[in-house]
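Each structure below is given as structure tokens.
Look for chain A in each of the two complexes below; its partner is chain B in the first and chain C in the second.
Coming up: the complex of A and B.
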């Protein structure tokens, strides 16, 4: 289990994360939701030890270090692969560093996305690069897979198919932490949603529980963020000088 | 050992092909310039003084440094630092492998330039009137031309040591640049070491003061690189290393 306690992260002149605490047990698919700048990417970087922070992040009671980092994988829209290497080169490289790397999953997903195995990644389109980033994160053999806005630049058909594949391939011990804006699209595969706002954890929602209450995840998110449904009408009214639209 | 080998594989795959292309392009430019000037030059030394070998070699060195220092840098849409910090080898070990690899590449450039220069000089003597050249022509060229003497210092052991130190320093500087860049710091050691190598490499016979100065400056840069690598890591940057 990953335990995050009183996590604070400051950038010059800005508090990026404030007193964030939660647990991430094995075998869950968790959405990390929030507006731009809410702290989602920063939280993932803190979990991986890629940036300094105050507080604690432990993995099965141990701080994240070289000894246990292989249990966490990271797929990011910023891309962490080597652009001068091919997909096959990455497989060889990852197999050397991650003993539980799954070549079967790697090749299966490469086929699914129809990605060329022998072309350098710098020649891939942005959508293909995003797909490859996700493939690496899923094939590493990690218990905790952190995906940060992985589908930016991919069309909706690709995304829908991928959600189906994703929910089918994950093993019971694998945990997926998925940071995304596409709440409606991912709500079908999520079991839990963490809501960040202004660097604070403002909600920890259980999707099955919401369903029991007859609410959708999107409705619950809007409720938590106090979404003002009338703001569009008011804005248009102010912009056009006409009466407020209903 | 496999995990260390994979780091070398990454370095080779990222830069070996472009490096070989660069060497071929530089060799072609040098040979072309040399052959074009061969008919007009009064002697081998005047031909060499015209820059036929020196100018492309200098450009090749700068481009090679840029190529080597670019491997492992975080760029807009590719931040391989995220991966390098999650490996079973430390980021410092990656840097040390990159240092060794860069040094080997620079030694390869040295060997390539030496063989090319020697081959072109032999070609020059073969194409000249026998009365204008002697068995000593190539030997004298390597003694009198600062560039050729730098490439093959013959009995000057201080110059051999200087060349080796320059290769190690420049290799280290090129490995340090991406390491610092990933932490948002400036890798000033690379341009400094490249400038030092560029201006000090051509060296006439007995220029011991130049050799000593280069050795001292190289040693200072090497010390700076060592402090950056083994000193308090990541203190001024935002990134925490695992």
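Coming up: the complex of A and C.
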């Protein structure tokens, strides 16, 4: 289990994360939701030890360090692959560094997405690069898979393929933390949603519980964020000088 | 096996063989530049002699002294510090390669082997630095041997222990 306690992260002149605490047990698919600048990427980078922070992040009781970091994988919309290497070169590199790397899953996913194994990554389209980034994160052999906006730049068909893959191939011990804006699209695969706003954790929602209450995840998110449905009408009214739209 | 070891000396996607070729070219240029020692030495050596205009015979000038080795050597080995400086830029280029085109730095910094990033960015430049230093030392010894052995002994200044203090202001 990953335990995060009283996590604070400051950038000059800005508090990026403020007193964030939660647990991430094995075997869950968790959404990390929030608007731009809410702190989703920063939170993931803190969990991976890629940036300094105050507070604690532990993995099975131990601080995350080079000794246990292989249990966490990271796929990011910024892309962490090597553009000058081919997909096969990446397999060789990952196998050398991650003993639990799954070549079977890697090749299976390459086939599924029809990605060329012997072309350099820099020649891939943006959508293909996103797919490859996720393939690496899923194949590393990690227990905790952190995906940060992995679908940015993909069309809806690509994204639907992603969801099928994600919900179909994860083992019971694998945990997925998925940061995204696309709440409606991912709500079908999530078991839980963490809501960040202005660097604070403002909600920790159980999706099955919401369903029991007859609410959708999107409704619960809007409620938590106190979304003002009339704001579009007000804005248009102010801009055009006409009466508010209904 | 050798190829795999070599590949681990540069960031993934950057060819060690290509960098080795560039370095070898730099080494050759630095060595060629060092050949400036030869005409400089021959000029200094020639200045020790006078030539009889009638007979054409050369004889040592009385009391002629060969300039110190450092003076004769001049800037002949200057190519090697330049090559060493280039290695610093290569190291910076290696680190920067992890934020160009993608953010592979995010992968390199979360590898279980925490030295992998620095090994791949610094190994080749450090090897280059050592090779440049070794080549400079070898040429210095060669030219010093030429200076000591080819110069008439009576014209050489006695070897003195180096005084580190003379480099201080």
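Criterion: the second predicted complex is superposed on the first by the 246 of 246 C-alpha atoms of A that agree within 3 Å, B and C clash if a C-alpha of one lies under 4 Å from a C-alpha of the other, contacts with A are read in each partner's own complex, and residues count from 1 in each chain.
Basically, a contact is a pair of C-beta atoms (placed from the backbone, for glycine too) under 8 Å apart; a residue touches a chain by one contact, two chains touch by 3 or more.
Bear in mind the structure is a predicted one, so any value in this text is a computation, not a measurement.
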Fit or clash between chain C and chain B when superposed on chain A: clash
Partner chain in contact with A:74 - chain B first, chain C second, else both or neither: both
Which superposed partner A:126 touches (first chain B, second chain C, both, neither): first
Partner chain(s) touched by A:52 [first = chain B, second = chain C, both, neither]: first
Which of chain B and chain C A:85 touches, first, second, both or neither: both
Chain A residues touched - chain C or chain B, whichever exceeds: B
Contacts of A:66 with chain B and chain C, given as first, second, both or neither: both
Segment of chain B that clashes with chain C, given the candidates 25-33, 43-51, 115-123 or 151-159: 151-159
On chain A, the residue positions that both chain B and chain C contact, one per complex: 48-50, 66, 69-70, 72, 74, 76, 78-85, 89, 93, 97-98, 121-122
Parts of chain A lying in touch with chain B, wherever the complex brings them together: 11, 48-53, 64-66, 69-70, 72, 74, 76, 78-86, 89, 92-93, 96-98, 121-122, 126, 129
Contact footprint of chain A on chain C as seen in their complex: 11-14, 101-107, 109-114, 116
Residues of chain A touching chain C in the complex: 48-50, 66-67, 69-70, 72, 74, 76, 78-85, 89, 93, 97-98, 121-122
Chain B - residues contacting chain A, complex: 2-3, 5-6, 9-10, 13-15, 71, 75, 77-83, 85-90, 238-240, 242
